[in-house]
């Protein structure tokens, strides 16, 4: 699919501004009513979901005109999908997909962002989205005696992810995950140096070809290793394997689980027992790519029915964020004794983005930080001492914002709290 | 056409470099190639921008969320009021709230719910401005209508003068918008920009927050409406006359919180989450209803009040031969309609989802039975278009609702169609003209703006266009204010919408 | 000066007067404005007469002063503000043009009084939302154009209610119809199409009726008006609540109005309530006053067509929940005043003499719009001032009327005085503007500024005056309409 294939969708935009807000019956007041970090920060309509569609419509009609402003609009979007979900509360049309395709078109025509190019360079050279990454990908696993899934068959493949592998601040998550899986008696392994970036973030950023390269490479490795079940603690990774790979018919029969889903299953099966008290008041942040965008892909092929209605044959089923991963992380948190969970105003399918997505954490760190700060304040308003989430990119962005703002809020990944409770 | 660089700089000096743009990408999102967009942050900036427009004779247009915006067709300064989004005050004792233009109704309503109050929400939905303005809303039986909710107002005229109307000018307060002497509320909607306004708010007997569970697009109320002393029903009637009789009786008996004259297609659109589901549901509803109908929401302030209101409703329905739509008696469906029709959060489903566009003929004011009679004729002509396959096949009916316990009302009929289909667009435009002409000939109503030339209409309506023209000239001597005709109350979307980039015959000078 | 024949040609010789005694009647009223004798008093018979009069006034630059109610007048707005004026007395235009039960609307000419309209609408099962005991000669149109507060806040959605549409001859002589009445079609054609001139807004974006209301005849002359009517209840249960605690009382008022439990709803102090209810003077008055607490709230619960007893019972339950919570009691009688008597009284115009004049012969009203929380403070200010000027606070009547469904409160001080007593006259004349000043400083909004004080009140906001003046220039470019009033 290319942007041209979404012409019908971009023409459907009636400029109702629902894309700027969380679903209207969830709005409790002026505070925390907005859904889209981009329009919230930059105010011109162009920065909203609707604005992006209307720009696409104009350019499909009158030709693409790549001004600096256009690229500023394009790249200052976390690709979080909030606009898509809010719109689809009422409308039958795609929003995020054409926005994504527009970005892909920008990349294809050489209109890239230098900061993102740098990240992609690292991907191409080292298979990681962490530029300047040094050393081995699995250095964190040294001495832990973890199975190499490419050398011996395992029941569960643990895909660690780029940030967790390479960033010293987040390697603890990998170690914690390994520890927990061991304690639960799970037969698991990692890919060691055969693990490579899932490519999901590259896709968000518009580098479709790089994503496909990574996807094919990863699936080849997993197929060869006979992996049936993959778990990961990174929301981007989860969405890549579960949704994107499926979208491009690469996933096959691979079962993909986020680590929180897997832990929830293990707790239910009695394999994972959380006995230690963790006395803490927390709030949970739904990562966009685990939550609303983690919904399984719907394979559909059809044609628009000619006429005045925007309908298709066969009828098109839309992904509206209903089937994202929302409950398993909450179930896990609720299973931790002593932990008190208070919800923020914007949760689940209408959660406010952490700010890191779409490459914004590198292309515009100030905007990423601004977005995270909004979320930190929202978390603090619940009275929580800590914000818990399920994606290292979210955690990194929150930590950065907390450092800058001087907030006392703590940031935890769900696996860290499980580790404390095990 | 862009404004000159030095002129651009003058505007930039007012709002700051971050808040002005004439980049093609920015303009594309506003669907006009000929604008410079500015984002003023406060009243003084609005006034300064408008004064510059006067200085350089550049027309301007101001807008908040811009639901269904159709760009004027000449070069202009576009004021996007997005940065003016504060709730200034909520006075519970005297029941008013003061808002800036970009506070949306959903936000104000959310705040008011916490205090046991509610505001009028325009029929276009709760993403629209909470300013009173001319917006008529479905809850008008209880929450009045449009500009009748206005109290004190801060207004920037088309010359950039700040006029503080009512108590605001006298003592910096918000509770009254009229005087001293005659009320300048009389000329508020003739032009200029409202930068802050107090609006009346009302008692809300419902919960401080709807207890919802589930995920988009299908939320569920965790309580039955009856547990909240609320009830939603849809009744169809053997004839429009019986419907009107019932509607009037309900208004006079003062028992309904909301009476929304949905036709079955709107009910089905409202409660369904996709077009396919919508059309299937409509099929089912169409077979069940006996004729035109309405949805009514009863809300009891306390148990006895609720019981009384339900009893009276049952009696009125019995007297008028109304029939309840079984689907709406299902507590789940009832609950969905309850929260969606009081939060007015699903109007997009009713209007745009099917085809992306609708063209509406609407009229506000006395509803029974002049407006109803007129739009019954319009409905007959609409059904001809349906037969020819030019517009979306729904029940072909008009709809409307009473306001202020039936004293006033809103009556409307629209066609949903594909605006990029030339045949459809042309047919709808012709239908609008025909309906508009009939309004004039039959002395039923003043047709929506833009349907017929304003002097053709004005001649038959006390030459109001000449009087209004004088007002316009007095307050907009340089002609920079909105010139999209003399907007009829609440209706600004009646024109055909296919040519978004229509070039003007006379572009504004640089 | 216009020649009398020219006027006679328009309205008929019998309707033109230059008799000194007649002119004197129209030269002054009970306000403190300067006395300026008009040149003529004319009594037009219909809208055609009025249009011709206004056109003539434009040709000759003759000031016109419209008046519809009969004497006594109090506000200085219906007497000449300049010399050479012609009084346009509309009291002869007494047609009740239409009463329409289905649409709940009536249409009247300007000379129709409340006493004349009430029976006409009652015949159709309707009633008016009317001011508190208007004088016998007070006209309905006059009252609505003045935006007088009305006693049923529940039905007072907008401050312009119950006025719907008007036909007005603007100051330039052109006739215009506001709201739905504007068109399309003549009034008769509109009726045939089912229209009833009910909708007040428009035509177009402007709300023309709002420019005519409150204008004191400075924009044009209304030739007829339509007004919204309410249903006549099938059952009524009036009650009284006495209290010395105004804050508590208004807590109850807020909820009664907010929950739409009551029709009539107003608060009077003991002075005013006694003045209203006394039949024999002065004995009755003093006795009644002494029997009352400082404040008395009067409200009325109504049942209509559907199960009226049940409705009243249901609303009474809601009310008693409120009174229990707030710590007040609603009763059928307070002191010597019965709620039933009170109800009969407020649903009719005042008997003769006008209730405000019975005590001492004259009354200076000081009224403004305010909010509930300011009331106590503002009443305190007025008491203090009254004492300072030697006006016994125990003689001052106070009327508090929630309006616009509780968004505003009309606060009125009635200063009774003996007009034959020069000392009392002087005291009132001095106190009046000082009181206005002092009250404005507390946030009192004098939305209806009259007589000598109007200019002072209106001119406080230059931008407002400038805008209003532009409207005036459109509607009355030659400034023939009631010059010297407001800021004109």
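Order as written gives the chain letters A, B and C; numbering starts at 1 within each chain.
Please note the rule applied: contacts are C-beta pairs under 8 Å (C-beta built on N, C-alpha and C of every residue); 3 or more make two chains touch, one makes a residue touch a chain.
It should be emphasised that the depicted structure is a prediction, and the values quoted were computed from it without experimental measurement.
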Ask   = How is the touch graph of the chains shaped: line, ring, star, complete or other?
value = line
Note = Highest contact count belongs to chain pair B-C
Note = The chain whose C-alpha centroid lies farthest from that of chain B is chain A
Task = Can you figure out the chain closest to the middle, judged by Cα centres?
result = B
Ask   = Distance-wise, how many Å sit between the C-alpha centres of chain B and chain C, to the nearest whole number?
value = 33
Query = Whole-Å distance, chain A centre to chain B centre, using C-alpha means?
reply = 37
Query = Per the centroid of Cα atoms for each chain, what is the distance between chain A and chain C, given in Å?
reply = 66
Ask   = Multi-chain contacts in chain B: which residues touch at least two other chains?
value = none
Where chain C touches two or more other chains at once, by residue number = none
Task = Write out the stretch or stretches of chain B touching chain C in their complex.
result = 91, 93-96, 134, 144, 146-148, 151, 157, 161-167, 169-171, 173, 175-190, 200, 202-203, 248-249, 252-254, 301-302, 304-305, 307-308, 311-312, 315-316, 364-366, 368-370, 372-374, 404, 407-408, 439-446, 457, 460-465, 467-468, 470-471, 474-475, 486-489
Ask   = How about chain A: which of its residues touch chain B in the complex?
value = 11-12, 14-18, 20-21, 23-30, 33, 39, 43-46, 48, 50-52, 54-55, 57-59, 65, 67-70, 73, 85-86, 88-92, 307-311, 315, 317-318, 320-322, 326, 348-350
Query = What part of chain B is in contact with chain A in the complex they form?
reply = 19, 21, 23-26, 28-31, 37, 39, 65-69, 80, 82-83, 85-87, 103-104, 106-107, 109-111, 113-114, 124-127, 209-210, 212, 215-219, 273-276, 339-340, 343-349, 351-357, 389-392, 416-418, 420-421, 424
Ask   = Tell me, which parts of chain C touch chain B in their complex?
value = 102-104, 147, 157-160, 175-177, 179-180, 182-186, 189-190, 192-196, 198-199, 201-216, 218-219, 228, 231, 254, 258-260, 304-307, 310-311, 313-315, 317-318, 321, 369-373, 404-409, 440, 443-449, 454, 457-458, 460-461, 463-464, 466-468, 470-471, 473-474, 486-487
